[in-house]
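Note that subunit A is present in both complexes that follow, paired respectively with subunit B and with subunit C.
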Partner chain A sequence: MNAPERNPRRAFIAAAGAGVAGLGFTAIAPGLHLMAVGEANAAARPAGTAASPAVRWGLLIDATKCAPGCTKCIDACHEENGVSEQLPDPRQNSQWIRKIELVDRRNGRVTTLPMMCQHCATPPCVDVCPTGASMKRADGIVLVDRHTCIGCRYCMMACPYKARSFVHTNLSEQNPEVPRGKGCVESCTLCVHRVDKGQQPACVEKCPEGAMTFGDLNDPTSAIAKRIASVPTTQVRGDLRLDLGVRYQGI
Partner chain B sequence: MATLNPRHEEGLFYVLAALGGLVAAIGVGAALYMEHTGHVVTGMNNQIVWGLPHVFAIFLIVAASGVLNVASIGSVFGKKAYKSRAPLSALLCIAMLTGGLAVIMLDLGRADRLMVAATHFNPTSVFGWNVILYPGMYAIVAVYLWTLMEQRMNPYSKAAGLATFIWRILLTTGTGSIFAFLIARQAYGSALLPAMFIIMSFAWGLAVFMIVQKTMFGWNAMTLHPAIRSRMKNLLGTFIAAVFYFVATYHLTNIYFAKQTAFEEFILLSGGIFPTLFWVGYVLLGTIIPLLLIYVPDLNRFRGSVFAASALIIVGAFCLLYVFIIGGQAFPLEIFPGYDVKSDFMDGAIDHYSASLPEALLAFGGLGIAFTITTIGVRVLRFLPQDDIAELEAAGSIVD
Partner chain C sequence: MKQLRLLAALLFAAIAVSPAPTLAGEGGRTPKPTVSIENPGHCVAPAEEMRRNHMEMLKHQRDRSLRQGIRGEPASLNACIECHASKTTGSVLGDGKAFCQGCHEYAAVKLDCFECHQPKARFKAAGLKP
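Now for the complex of A and B:
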């Protein structure tokens, strides 16, 4: 496997950002500021070190920017994670991310948004899993251990977001970094294999509208935390009080 | 009643055992096929994740717990007429538990990881508790049977019976809690469910017991004493009425909550097969007709009326579980209250389920396993309830 390439533009932005630590932006001309909006992540997590509980990875989705009919995030997710099976019954295909169209019953306003695992702080799927295969990493990413999942699908019954899928058939053409397997349950991993390399999730990177922001919710200087602090955002089914890692703007 | 010729009788036993074994073997074969190909060959999908195998498995597990009620009434509550039925009730419990668990296990996506399930325990999972409760049930019922069958152990049978009683209440609480602990689905997530499952277990278990008892008595050209029959049928009627009370309460409370009315409208009125199964299968066939057969004197005088009521109760049980498990998943999960939603993955849409042949064979395989164990068990162990009518009358346990 190729070593992850350094992105010079991101490195420059990071350096620029570091140079103005505490300010979060730099003045490049009067009235014009270069903001570190692309700041993805903290540094890559070195192999062999545990995920940090000081970090809470999250995603902010601006539904006002999400274009109807656009499936770029889905395509990117499927390509990145090797989700390629096309079964005769589409309901048996894995659904890591899907587009939902919402029509407000009161005024008919139409919104579209991507829906995926919401990476709850108190995930029902983790509570109900009999073997502990459903787990939440210290940095808030909810995953399935494919070695201990027995395929009971109880987590799918428990998930309030229909975010989990059961692999119904034999798989081929898998991405070696994203092991999947027949008979196990799976869901969005926030592209954990990319995040651990200091990259962004594939859907975030490929969204042409810039509707998705990824980052550390616990870091008040991160773009996502600043945005959540400055605009109204929503947790889907907030009444369940699951403290979601994925937030929406504009619904 | 005519007695079977011993040679014919033995032949019939082998035919029944072979038939049960064949159904069980076909079920295991279907499971192996599903294991090989994946669940793509089933009607289950990522919206309706639990299907017909789960309906059958949950019926068997719930009834397995309830059939032990017969033993408990004898050993825990001291009713002499039920004491001679305790061994048969324990055998039926083990038979149905085995059938139900086999179906659940064989339907797993990774049935080969049974050892993982046994060695990795998540204390917050109701399924995890069941990994302890179900095998524990085997152990405790085995000990109970031992105290019943071994004369030297008889003094301990009351204590073992009490332990079994407590354990099976916990077990069925666990089964009901599988659904009660689902926080977001409209059909589930109710504290009523564990209690409802317990009373369902009483009714369904007793119905199974009545059928097996009637068959065994018929096989041996014996007739159940009318007073005992009367007691048991009245108990069955009470349980059926109690189940109906819980089911009605469950639906009425849902109807009262505005957020649940759409779901209830679907299950009770507009949801295609589900309202039909509920009203015709459960309410009419599984509740009203059995109650009439049990309580209307002109009807319950007929030989076979209690048998027919028991069989209908079981039909109603399957209908109720189908509506509860499949119907509960077919109705769209409400993720965005106040919005009409649609997606290419059934958001906002009613799903349709039809069981495929392999999963149906697996489901019936569970019945085959339970039937085979029962058939061989009652043959080998001679668990035919023997009523000493004179003693029961002396003890005031039966009144003609």
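Now for the complex of A and C:
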């Protein structure tokens, strides 16, 4: 009698199950793939290929689902990006993502939302950077190249969203995939190291309310593009016409 | 004055009998860095080429990775660290025997990578605990 792994039908069922569980897709036969439903990100970009300008990564945050007092997205960000320093002056701590509370004074209605780098299509931080360290990748992710950042903090002044932080102290607890250090400006990277592997940003993955959707704004079949096409969404300070990658619903 | 002259003579004698520091060649009198290679034979290029060019390889790779988003290149600082970290300390820094620090100390070349990059292999940051 065959061992279970030798039985081709059982192997197929196991492979299909694994594909649905997390791999994204599974080959059923040559050229025929079983696609998993609910996968928000595409497969990992193959090694050796550059970020594509056809893609525009974005986030949709549903503020109606964001729970007041919950800081799971911030904790996930700190863990993923190795943000752990606590300085004597807390205003100097790095802040890649923060929770904002909006109160309607007339009726007391409270709305909370996470706020981070909005990944503008025309980022003011890139405009003002004197060394070219502040940059936008082809797929719309705004990053700081620490190799050329001189820590002048012009970008912090230019950012309308207060998204950037300056590292004031020597660090030793960085994650290998997220280098950060004293004297450079930093901000949300949209977890670029995860996105390149085909994963979602840490905050999106850890949000218990499912209030954040990550995906390709340029792909009309993506969950985020469909949602933006069907419900009213807001760009914060849309009057600045920066064409933001992060959109909000319910504010 | 006599004492000073005696001191100068002694100093001259000491210099004259000390071994000449120059042109030691392969005779074994030149100190060499004591760098231990944890996984010999697995490097992306021969040792000679790595000694001369590792900084250029890393510099070009870092720009392609960060600015163009190209991942999985053969030259990668994290791959260097994963392979070359000491099996006792888990790091490429620490003392004169550590892979990166040992050689850079010997060559008196400043090592800037690890002001931002993590020198320990398989390090997992805990983040700020609420």
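By definition in this document, the second predicted complex is superposed on the first by the 210 of 251 C-alpha atoms of A that agree within 3 Å, B and C clash if a C-alpha of one lies under 4 Å from a C-alpha of the other, contacts with A are read in each partner's own complex, and residues count from 1 in each chain.
Going forward, contacts are C-beta pairs under 8 Å (C-beta built on N, C-alpha and C of every residue); 3 or more make two chains touch, one makes a residue touch a chain.
Remember, it's a predicted structure, so these values are computed and weren't measured experimentally.
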When the two structures are laid over each other on subunit A, do subunit B and subunit C clash or fit? fit
Contacts for A:Lys182 in the overlay, against subunit B (first) and subunit C (second): which applies, first, second, both or neither? both
Of subunit B and subunit C, which one contacts the greater number of residues in subunit A? B
Report for A:Tyr161: first if it touches subunit B alone, second if subunit C alone, otherwise both or neither. first
On the A-aligned overlay, A:Gly250 touches which partner chain: subunit B = first, subunit C = second, or both, or neither? neither
Touching A:Gln86 in the superposition: subunit B (first), subunit C (second), both, neither? second
Is A:Arg153 touching anything from subunit B or subunit C once the two structures are fitted on A? First, second, both or neither. first
Which superposed partner A:Pro124 touches (first subunit B, second subunit C, both, neither): first
Using the superposition on chain A described above, determine whether A:Asp104 touches subunit B (first), subunit C (second), both, or neither. first
Rounded to a whole Å, what is the shortest Cα gap between subunit B and subunit C in the overlaid structures? 11
Shared subunit A surface residues [contacts with subunit B and with subunit C]: 147, 170, 182, 184
Mind pulling up the subunit C residues that touch subunit A in the complex? 62-64, 66-73, 78, 81, 115-118, 120-128, 130
Residue numbers on subunit B that touch subunit A, as the complex places them: 35, 37-40, 45-47, 49-50, 108-111, 113-114, 116-117, 120-122, 124-128, 130-131, 178, 181-185, 188, 329, 333, 335-347, 351
Along subunit A, where are the residues that touch subunit C in the complex? 45-51, 71, 75, 77-86, 135, 137-139, 143, 145-147, 170-171, 173-182, 184, 192, 196-197
Taking the touch rule as given, give the residues of subunit A at its contact with subunit B in the complex, in rising order. 87, 89-95, 98-106, 115, 124, 126-133, 147-154, 156-162, 164-170, 182-185, 236-237, 240, 251
